[in-house]
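In the two complexes that follow, subunit A is the common piece, with subunit B as its partner first and subunit C second.
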Partner chain A sequence: MFEFVVSGIVAPIFLLVFVGFTVGTVGGFIGVGGGYMVTPALIVFGFPGYMASGIDMTHIAGKALVSTVRHRQLGNIDWTLALSMVAGTMLGVELGVRVLVYFKHLGISGVVLLITSVVVMFGLFLYTQVETRRAHRQAEAMAREGRKVGREIQTSRLPQIFQNIPLFPIVRCSTARIVVSMWVIVLIGIVTGFLAGFLGVGGGFVRVPALVYLVGASTHIAVGTDLVEIVVSGGYGALRHSIEGHVDMMAVLFMICGALFGAQFGSIATAYVRGPAIRYILSYSLILATLGAVLRLLYVLTGQTLEVLALLAVMLTLGEMIFLCLFIISLVVFAVRHKHGKSVPPWVPALVVS
Partner chain B sequence: MSPKPLRWFFDSMLGYWVLLLAVSLGAAAAIYEIWLKGNM
Partner chain C sequence: MVKFVFWALVAVALFTVAWRSYSTGQMAAWYYYRASADGFAVNATYFVNATVEAPALLEVGAFERIEGLQAVPVKAGDRLPANANGLILTSVLEEGKRARLEGEAIVVTQPWKIAESKGFKYKDTFKHKGVQTYPWAAAWNVAMTLGIGLALGFMAEGFTDLLGIKLEKIRHFEGH
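For the complex of A and B:
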């Protein structure tokens, strides 16, 4: 146990390091900040809500920086795509925050936020899950026919539509190997930024599918490029929270201790898997987060009387972090076993790099 | 080799999903019981 003087609470160090490691692993692997998991966890540990947001944002900025450096070494960042998107994201976040303030004045921001979270996350889960299953089956069929399976298999036709929009200026994203109108990238930045600003999250879980299914980037490039966005937005958020005095640096330091290892591991793990494996983990993250939001929504709609719903939401948040981390670790273990010719479950070979 | 009824948990992706989720929720329940109960 450690006394956090700034936050005025006593909490176990082990749990902070543990949360830092698990969310660092997940963030490095699927390219999200993980704020939707960390903030509720910190509140449960006893940190006040505003402190939880500040600590979360500051640790996300540090963790995303580590992941970004590692993804850069792996060649997973397209700087043209990242920098073009940042402009749209900033504008979108501002619009999202303003709409949120409007709903706050109406006194219905809590319910609207939760309903929007459920709809957006469940919609993304459905699309990602259906498309990834199709890609997985396609990879398995290719392997059965003895054809070479690439690192990326994507079956959505949406990127062709968006890449064919002839609006000047057209940009060539050399690392992502795509040619697309800059307006498409900026517009996607605005929409994903709007959702991020409105929902009060980093927005990685919206941007990664958008980069894959709308822009046409490979999943690995989408993850690396999105982390650049998170460094920018997380850095700005950390600065704002620090100025407001919402950051307990001791808590951040303990979380970063775990996140440094987790972010490195999660980023390196992407080198062991094919694109659909990353999208599977992303979709699992989305459905579990949706269930958590449904539980919180039910808690609010029942007049906050059924404490068991809030408790279940907390258990699900903690369980989700552990689940995603274990799945990523086991994928890496299976990939290594497969590489050495050892037996692995039959669904694994199409998902890992051999 | 694991016993036959347990093979579904490894041979099917859904089975593996269910197995890991059960383990994770169990771990989350343990964490809650050991460290967090007093804070709620």
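For the complex of A and C:
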């Protein structure tokens, strides 16, 4: 147990390290900050709500940097894409926060926030799930025909539409092998940033699908590039929370210690899988987060009287972290087994690199 | 080897600085409660039973820490004394319905509600609680977090190099 004097609570260190590890693993693998998972966990540990979100945002910036260093080594970052997007993302975040404040003045921010979360996350889950299943089937068919299956299989036609927009200046992203109008990247940054600012999250769960399905980046590059965005937007968020006094640095540091191992594992695990495997994990994290948001929405709509709904939402979020972490670990184990010619479930070979 | 040792030393040095700053109370001192308006800083828990028939009398003075029925005059933006959990606004005293100033004392006839955050409820998550820190302390927090993140990232990279684990760049477009 450790006394967090700034937060004014006593909490066990190992739980913070554990949360840092699990969220680091998931974040390093699918390129999200994991704010929607960490804040409820910290509240359960006894941190006040406002302090939990500040600690979460600050730890996300540090953890994303740990992952970024490893993704850089793996060649998963397109710096041109990342830096072109940063300005749009920051502008979008600021716009999102201002709209949120407007809804708060109207007194309906809670319900609007939750409904938007549910619609956005469920929509993204549906699209990601359908497209990834199609890509998975295509990879299996290619393997059956004896054709070489590449690292990335993507069946969406949306990137072609966006890449054909002829607005000057045109940017050449050499790592991602994309030629696209700068305005497309900036606009996607603004929209994803807006959703991030409005929903009060890092925005990785919106930005990674946007980079894959709209810009046309491969999933691995989308993950690495998004983590660079998270370092910038998380650092800005951390600064704002710190100015408000919502950050307990010792809690942040304990979580980063756990994230050191988790982020390494999650980032390195991407080298063992194909793009659709990452998108599957992303879509499962989206549907689980949607369920959590639905429970919280029901709780709000029932006049915040059914405490069991709020409790269930928290339990679901905590369970989600562990489930996704175990899923990633099992994928790596299957990849290693498959590489050594050992038996694996039939759905695995098309998702892992042998 | 050199890479791992160098970045490990940087990470340990940063952790030591943060730990020392936290354990000596230096970091906690950067956080303080700030008055949001002109009025009197009080601890409302001491007069929860105040009524018109049995009002609470708060002694006004420049106390460093509020102990019991005491009140400290503050201006908007001033640092609140220790143990204060609320403000009685000057406008409320002028109105005189809930509390009024009588000489060197404040007479409270109606208690203030003390709102506490509840564990599982999210409604207080982003609510401003009146706690603020010095701007340079916020910059220090972010710099420290990013510095440690960077040091740990390169330390881990150095560690896998040390173990002889060759992590090559992913061939994203192989087979296309």
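Simple rule for what comes next: the second predicted complex is superposed on the first by the 354 of 354 C-alpha atoms of A that agree within 3 Å, B and C clash if a C-alpha of one lies under 4 Å from a C-alpha of the other, contacts with A are read in each partner's own complex, and residues count from 1 in each chain.
Rule of thumb we're sticking to: a residue touches a chain if its C-beta (ideal position, glycine included) is under 8 Å from a C-beta of that chain, and two chains touch if they have at least 3 such contacts.
Only a predicted model underlies this, so the values are computations on that prediction, with no experimental measurement involved.
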- Message: After the superposition on A, what does A:345 contact: first (subunit B), second (subunit C), both or neither?
- Response: first
- Message: Under the stated touch criterion, which partner chain does A:179 make contact with: subunit B (first), subunit C (second), both, or neither?
- Response: neither
- Message: Between subunit C and subunit B, which one touches more residues of subunit A when both complexes sit on the common chain A?
- Response: C
- Using the touch definition from the top, say if A:111 reaches subunit B (first), subunit C (second), both or neither. neither
- Query: Regarding the shared-chain residue A:130, is it in contact with subunit B (first), subunit C (second), both, or neither?
  - Reply: neither
- Task: Would you sort A:314 into first (subunit B), second (subunit C), both or neither based on which partner it touches?
- Result: both
- Determine, under the contact definition given at the top, whether A:148 touches first (subunit B), second (subunit C), both, or neither. second
- Message: Applying the document's definition of touch, where does A:46 land relative to subunit B and subunit C: first, second, both, or neither?
- Response: both
- Looking at the overlay, what does A:326 touch: subunit B (first), subunit C (second), both, or neither? first
- Message: With both complexes superposed on chain A, which partner does A:167 reach: first (subunit B), second (subunit C), both or neither?
- Response: neither
- In the superposed arrangement, what residues of subunit A touch both subunit B and subunit C? 44, 46, 311, 314
- Note on the structure: Residue positions on subunit A within touch of subunit C in the complex are 5-6, 39-40, 43-44, 46, 48-50, 52-53, 58-59, 61-70, 73-76, 110, 148-152, 175, 177, 200, 218, 220-221, 231, 235, 238-239, 242-247, 249-250, 252-253, 256, 260, 263-264, 268, 270-271, 296, 304, 307, 310-311, 314
- Message: Applying the document's contact rule, which stretches of subunit B touch subunit A when the two form their complex?
- Response: 10-13, 16-17, 20-21, 23-25, 27-29, 31-32, 35-36, 39-40
- Query: Once bound in the complex, which stretches of subunit C touch subunit A?
  - Reply: 15, 18-19, 22, 25, 27-28, 31-32, 117, 119-129, 131-133, 135, 137-139, 141-142, 144-146, 148-150, 152-154, 156-157, 167, 169-176
- Task: Under the touch definition given earlier, write down the residues of subunit A that touch subunit B in their complex.
- Result: 11-12, 15, 44-46, 284, 311, 314-316, 318-320, 322-323, 326-327, 330, 345-347
